[in-house]
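We just call them A, B, C and D in the order they show up, numbering each chain from 1.
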């Protein structure tokens, strides 16, 4: 689960990336990168890494764990220089996966290169095979290594040309931040599936998965990297290259549903405001006679406020997240599973007692936790519990960097809404329509990938990928 | 700071205590105690401990750290038995203080004894001296050791008599849970300064600092232990003894302001509801022309909702707590202090931009963080920031178990309200009146100790205590 | 096992103690104590602790682990002052026993007191009961706590008087180092069962279990503390008190056999020289026709050299200890036990091949390892293996601070020598006679306790102790 | 230093390698590899790793630390399969070097490959450049990665052909153990500079740097891998390929001086016996009138015995290594350096007092420790100290896998013998002649590389290497 998230029945974002080009050599570069990564922590809790250069080789540190666990003062102070890139990766387990932590740092014929990637290359196996035929050896299973090899084999002195050639070979979703000893590179796939933004700090540029990183380090948001765009930052400033003309944006709509931090802006829209609006839409689409609207913290709270506002029902805090949820607490035995929810969520009985409660959550993936929360509310005195979900049922796998698990685990793919309602013990259950969700963002439908809801993807998925689904990479 | 609390400028509760008497020998006793302690974690994050007995000696485990850090499956499974007591203690640092972790477990002439204490004995030094004259040696600096010696020197076979004699000797605040090899004992000082409640679980009794622990382990709240009451639970059930007749309750009002968990009930009142009401009172006492009410998470949120409701202003989520606040993140250097607040709090610019904002917090102790949050809001686009505090200025030290630090550090004791306003850079600043606070609880004024606000204490404070103030113990 | 010892079938010494009185306040006091304790590490590997005073309270640090693990620069630098005492304790496992680590530091009516003890009080239970009747509570199971209470209950201002009264109450073996805020105290039981020596450093005094600690810290050996003697070191120098007149020394003979470090001197005799001589005696008592004498490292090597010298046979290095024996290496499964010995001992095949080998070891306790070494030698090409043990069979339990385990585990108590020979697969087996062993020390027979060999003890053992044998304390 | 070595003024061996081909799939494979690596621990204490295959992919675990620290039961039990290779690397510090731990495991066009290397490629930079021109990217700085790329670019299906082509490209010293999913490969440079041996276990083959690993795991020594030989072990048994005809052996003579474990056999000769003989030669070359011969433990002991035997002087144990030397003990301050030696070495005063002592050590590198030991002996009562070194002065850097540090740090390169004598405060100092050293091994002079003593190397050293000297790799 995302640590600190009480309802762990969520989709998992794969990664967050960050790049900083300093206007001048700076001893505090590592620290700035650290704070920026810290702001992107919600995009990945498995491992964290920062690489820096002063123009002569690349230093880096990466390890399994949260940003706050991976770095300490001594390490950060050693990461000084002119350019930095950083990466956070989502939480699985096992130290053996350290080899897969990013940024990936390599030496190649033109010097040192560091690569950080968010997304999923759907033709990685194919490209790897081609590279192996040419003598390549792979030490990791991350796409970044494929990207590094593609960059390395180009003869051109010009990193922009190498990046364009690389982009021509790879298919899938990618928001890439790269660094040579002299340049910072940002690169976004032709569909713009994963987000990537440009900011300005002290007269120079920063690149990050989300704008919230800019706010934390005091940078100013400039614009998103466009689909099919490569930006190169060096001492001459920022240059842009388009490697693909007919780019039709297909931004992952789940960034608005759950992944992005509420204080981020994506495609010019406030994520928080979109979620509030989704709650309002939900109220319009699926009203219910009730006494109170509550949210499942943290991610359901805002939509619950929107629902309350639009429905005219009072908003209340019926569930409070325990502040001390740690990674290691002792799991209850099978027979007392509900205690697991009680440890994470404190019910304010006086708020919900004898009430008909509307409980708003942002999504239901496997359906494991929702039922426990409904039961907890009822045991605590709620007369009725009406579940409202501020996004549609998840019915299809994602091939572009989200861990939707196997399709067979998706309750929305297996059961009808009323079956799910019975499963979770709710008095009523409604999902927001895809139209309603899109409307809440204020962005036109064509600009989104909503494959997990509707099964239509912006790229053709190779059969092989369909079989393997999402292998953690 | 309380881990997970973004505004660390808070008073510190000293301890939480817990006791469980099983209806029968139970392998899951340690686990139940663990979950109960976990629910009391907000009352102390320094150390945690559980002691158990099966009627023949006492086993225990205690260490520095959070409940989830101190125990693991193996340890908990080893803590089986018939009676358990537990303790959490507030966070300072230093392994040398492990000796002060509780419960304190000793052997004395009648067998084994374990003691857990929340509160502060104001005559501890005096009693210690008397005991030392009789040959006692002290290995810790906690009051529990004094209590253990007082129990041990009694000749009576009857633990209730020993407890009564002990109670006659000690002065100050105490909510004590003790355990012999056969009995569970709860004991609350004659003024009832610190809370202590009785619950029922599987036909037997549990005792805890707050009722939220009962909810977590599935116990039913029965009643508070009364001021000046000793309850003894053994195989014959629960017996009550009063050791002091003229008990006038002087419950610590700060339990309602900040300490207690919102889902607890104290003196029959919901803490959450009282805080909501305090917000309403605050709106009535100190209205302001504004566009939006926001709370400082987590503790200011509920009062902010109450303020919004009573004032008719919209409630918004303008500040979101970072989910990944850890104990170890790298501190920003002096010149960029505000980044420290930014790491903990994410501002939703779109919510507060160009707004006149009412920012509600529950208390201001030293005034260190409030100013940073005001500045952050203004930098993020708030037109005005009106700070409203849902309790009065803290002007006096506490001698009854709360770490108010030295009086000279209390900004409320040093500066007038308008000076504080200037200090924190707010456009206006108002505190809730003591009357308003008391009214919000629905409990009569006489039943509270509000010494930290008004300087009147339920017991005379020895000069010595006044000088030493609160030493961590 | 003692870490680094390849034959772990050894008796276990319980503790080492150390005390330093500085001629002046010294920032390096902790460091000196650390190095001194490090030199006594062979006497106990379970826990280590140092307490210091500057005349106003006592600071201390103690934890489970080796001296080098328990302390670091920061901790040691914090342990500055005028007087220090230290303690090492033998290796068992379990963090719960931290409470039993020493020195034990207490506050009592005259201030602070720290106590470190090597030995075993055979009337501890009785004394504890008496103290409990007077209201004492015990938090540990170590004898030091009993000693602290006995000191604390004395009214005299004079620590020497309190120490004498304490000495009158306790029975058994004790080499005690204590510290008030102004005095360092050394104290040895009337039989002098455990060793304790006085040294001089920079014009002031140090006290330690063994003289090797003096060599390490650059102190000069002065004399042993005498049986029944108390020495008090303060700013006026060293004063001696005898609390018992008819003290007949009964020094534990096993100090010469195995416990003491070879470079220590006890009762004016070199331990190394005594072991060399024991080897010579063994050769005289039990010669054998052979080609080579080897020792089982480390403790058998010196006696092997003595055996070689006296027998005229060549001494060879047939077994080399692995330098990297750690505490944690993966244990071989049952069926391949011999690999466990191979990991600890490297056989130099070219040395022993086709040879008739005399293998000398210092003692056999349970007989578990010796057979594996014999088998290893034979598998490596030795034609014959004649085992010679430089001490008699251990046939009786120790009640004075040595862990001889239960008597039934002592192979010498269960089997005749020839049975043992068969058990370990040796071609011949001989033990040194008790007379031979005593002769090798150059000290008269009357001055030793050799209870583990002969069953005669210097004090009458209470039945209770006989039943409980040696419980780890 | 090598942990557990008291005189840390030693040359550092770079690595140890190990390979096991099972006759059948074996759950205990990881355990066997673990024990084998444990026996090679003296060849490298920085990091340890084991890779295994069952014919379908390669699993591995590697980390910084000793073999006993890197692996635990769970990890080892997960490393089951048919083929294993292992590697230990010498001790530097810094977690960032984890990337350099071996075996290096990669995927290439024919599947998975694991490589472990002992030695130093003197043309690594050149080969890397050539590979980079072809598009290679390097993630580490170890030669194993160069080797992996060379193997990967070969088209042949036959691993022996790929290995031969690889061998034709690389220059320098190498004892390589590699593993595909079906074959185990051993490979030794044409000069045979680093040792590599073949053993037999349960009807199949094992390969290791030293034969002592065979003894530990119960394998039988067969023969050394010959210089310029590649051996391939698969289900058809072992096949040998020679890739270079005019191989004149140039075995590193320092293996006999210090690196190899005494119980190993190299080139058919016992290392222990050679060291004993070196001591005898030393006595013949450099006799001295004295009373006693002692060795500096551990490595000087055997030569001291040889010296004693040949000189007719008695051998004594005057210095005993402390059993508890850990990696972390607190360093003494500058002014009391000698305490550092005292913590590692216990002087048996009664042995050396008033004696003219011959102190034998195996080598002197920087000359830092020897002087402290001489001083310690004199302070402890030795009348004279005559230092005898059982190898010649080290005057030249090594380019073949030994860390001789910069030449300017070698005391033998900077000072004449008598200056060194004065530096260390010895009454006399003599080194063994190169002739004497060679004679002691019983191997002809031509078969050795003795470049560090005489400056003549078996291969021409590129200027570049001369400048960079030995960079840790």
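In this text, a residue touches a chain if its C-beta (ideal position, glycine included) is under 8 Å from a C-beta of that chain, and two chains touch if they have at least 3 such contacts.
Keep in mind that what you see is a predicted model, and the values were worked out from it rather than measured.
Student: Suppose you hop from chain B to any chain it touches, then on again the same way; how many hops at least until you reach chain D?
Tutor: Minimum step count, chain B to chain D: 2.
Student: Out of curiosity, which chains are bumping into both chain B and chain C?
Tutor: Per touch definition, common to chain B and chain C: zero chains.
Student: Could you state the distance in Å from the CA-based centre of chain C to that of chain D?
Tutor: Distance between chain centres: 37 Å.
Student: Centroid from C-alpha atoms only, then distance chain A to chain C, rounded to Å. What do you get?
Tutor: 61
Student: Could you please state the distance in Å, as a whole number, between where the Cα atoms of chain A are centred and where those of chain D are centred?
Tutor: Taking the average C-alpha coordinate of chain A and of chain D, the gap between them is 49 Å.
Student: Could you list the positions in chain C whose residues touch two or more of the other chains?
Tutor: none
Student: Could you list each pair of chains that touch, in label order?
Tutor: A-B, A-D, B-C, C-D
Student: Please name which positions on chain C make contact with chain B in the complex.
Tutor: Of all residues in chain C, those touching chain B are 60-61, 63, 95-96, 98, 104-109, 113, 129, 131-139, 145, 148-149, 152-153.
Student: Show which residues of chain D lie in contact with chain C when the two form their complex.
Tutor: 2-5, 28, 31, 34-35, 38-39, 41-42, 45, 66-69, 71-73, 76, 212, 215-218, 261-263, 265, 270, 272-273, 298, 301-302, 305, 315, 317, 320, 322-324, 326, 328-330, 332-333, 339, 342-343, 346-351, 380
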